[in-house]
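These are the structures in question, set out in turn.
Two complexes are shown next, each including chain A; its partner changes from chain B in the first to chain C in the second.
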Partner chain A sequence: MSSTYDRGTVESFGRWQEFSAGMWAWILHKFTGWILIGYLFTHIAVLSTATQSPEMYTDTLQGLEALLVVRFLEIGLLAVAVFHILNGIRLLMVDLGVGLESQHKSFYASLILTAIIALASIPTFLGGMF
Partner chain B sequence: MAEHYSSFQRGSMRWLLQRVTAVFLIGALAFHFVLLHFVNHAADITFAGTQARMSEIGYFTLMIVFLVTAAFHGLNGVYNALINMGLEGTKRKVVAAVLVVAGVLLVAQGTYVAVVMSGFL
Partner chain C sequence: MSTQVKEQTEVDEEEQVSPGERRREKKRQLQREREQEILDAVDEAEQTVELKIFRFDPEVADKQEPRFDSFTVPFHRGMTVLDALIFARDKYDSSLTFRHSCRQAVCGSDALFINGRQRLACKTQMGELDWPVRVEPLPHQDVVKDLVVDMEHFYDQMHAVEPYFDPDELPDGELEAQTQSPENREKIKLSTRCIWCGACMSSCNIAAGDNKYLGPAAINKAYRFAMDEREGSDKKADRLRIIEQEHGVWRCQTQFSCTEVCPKDIPLTEHIQELKREAVKSNLKFW
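Then we have the complex of A and B:
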């Protein structure tokens, strides 16, 4: 069972030293969620070049992929998506009442796994750039 | 008592739908990323390759369901986060209307793009 209580204004980052693991998880989940929905609109906009011509679609995607900054943004996007997925699984477990006493540990595990997966993906994302 | 932070009111329909779409999206998003960045590298993507995938009815259907659930999950998340941050009254109704319109336009444009990619038109 969960309890509700006045947590104050979470967005008041002057209190960040008081934040618990659960609160950091909530803030990071919200932050990564905003990025993902923003990216979804951008993603559909870029893919919409396919409605103009096959050449424009191919040239746009390959042109973007030729930029080093895009490759780094993709690594960032992967990290954002992986954290949102892993913490999302953790949230589902919390809602089901599974492992409530270890939820801070599962948050740290989500962070560590995200870092490992993002670092391991670097060679794939930067492939062919150098 | 374990602490529990969420932007959602537990037990509400919006909370339930967010959880149901989350279960699907965990698999769909992971599949999408692995297929288009690790199996097929993004730098090698061409319209012909995209069309080959999208002309498969199973893949096409998965992408449409992925689009609809991702749009709902994302916009429902934004809506509930804003309510949790104090959005109420007329502003809440206006924000809800804007998010619904944005979601409908996103799904409509995404579906149009998917149909063009598939070559079904």
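Then we have the complex of A and C:
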């Protein structure tokens, strides 16, 4: 056979508009997972430097909470964690072979639930800022 | 004598136009007729559809760099993508190359990437697609020419799971059927539908990045035999050993791409997941 042509990753992110529910669920699950890992290390780093004295701990936290961007990031973190949990439950069902024919519905359901919970948390997280 | 002379003059007249010239003129005439035929067909049709087809041929100078060619094809109700491709090949460009055979979604030859999705050309209605219709060879496989891809790797993976029935014992009588319970038949029914078209393998993101991954089709094939009750337990253990290796079922990350594109509606992800559970069960020991 003469030379063939390798089209490379035709089905890469360039085709995101054609991704199916299962593919989006996979991408978002990875994405949120990495964010949670990143957050975990930041969390440990910040808190471990703040635990030298009770006053320092209070100062650090109050300083962080005074920043509007931190409040918004907290809402984002909640959304990320909630989605990861809900989709994790979905994946558990998939692993157990329960309801595989409605896996796309459970993905949309976890997105909607995430949105509702994140929106409902806004008054709590942004309380006292404005 | 007189007849001979007459023949001679005829030859003289014909020699004025050389045979090659006559042949070329006839060919041009045919070509004009054919072009007119296409124009008429396109004119007569109430609707025409534009096809954008991937072209590549390492042996033709201006096709070495892949490109898309457009073809205008008369549309009729019930027309499949394969019908349109056949029209384009027969009427416009006889060098347009694609695999097809049975035209009824059984042979599995014409899995193509149509409007960004793996589909069987013969099973896809033109009317159900967005126009213009974009036809490409299956992604993640090397293109040999136009819409033809190299399926060798796919077949290697299929053969790797030993896709043949291998029972411990045969029925006593030579002509006796080897029966299976209706429940067991029902269980493996969908997995037997595979037509080896390669659409699932091409849609799988994991298979694209991991050449050793068995892929959905091969695992489904393994499922078909591992779940067959007529095979012995040793054979089943053998099959599970192939399935549960590093590049077997555990590569599947349940993106459901294969299940979405399978033209025979085989619940591939479900079968892979069931084999994962089988693999765990056969390895877990609580004593």
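Before moving on, here are some points about what is shown:
Following the convention adopted for this analysis, the second predicted complex is superposed on the first by the 117 of 130 C-alpha atoms of A that agree within 3 Å, B and C clash if a C-alpha of one lies under 4 Å from a C-alpha of the other, contacts with A are read in each partner's own complex, and residues count from 1 in each chain.
Going forward, contacts are C-beta pairs under 8 Å (C-beta built on N, C-alpha and C of every residue); 3 or more make two chains touch, one makes a residue touch a chain.
Note that this is a predicted model, so its numbers are computed, not measured.
Residue contacts after overlaying the shared chain place A:P123 against neither chain B nor chain C.
Using the contact criterion defined above for the overlaid structures, shared-chain residue A:Q103 touches chain B and also reaches chain C. Touched residues of chain A were counted for both chain B and chain C, and B has more of them. Once the two complexes are laid over each other on the shared chain, residue contacts for A:V94 go to chain B and to chain C alike. In the superposed model, A:E18 lies in contact with chain C only, and not with chain B. Taken together, the two complexes place residues 1-4, 7, 11, 20, 22-23, 25-26, 91, 94-95, 100-101, 103 of chain A in contact with chain B and also with chain C. Interface of chain B with chain A (complex): residues 1-7, 10, 19, 22-23, 25-26, 29-30, 33, 37-38, 41-43, 45-48, 50-51, 67, 70-71, 74-75, 77-78, 81, 85, 102, 106, 109-110, 112-113, 116-117. Only residues 1-7, 9-11, 15, 18, 20-23, 25-26, 91, 94-97, 100-101, 103-104 of chain A touch chain C when the two sit together in their complex.
Contacts from chain C toward chain A in the complex involve residues 56, 58-59, 66, 113, 116-117, 136-137, 139-140, 142-144, 150, 203, 205, 208, 253-257, 259-260, 267, 269-270, 273-274, 276-277.
Of all the residues in chain A, the ones that touch chain B in their complex are 1-4, 7, 11, 20, 22-23, 25-26, 30, 33-34, 36-37, 40-41, 44, 47-48, 50-51, 54-55, 57-58, 61-62, 65-66, 74, 78, 81, 85, 88-89, 91-92, 94-95, 100-101, 103, 121, 124-125, 127-128.
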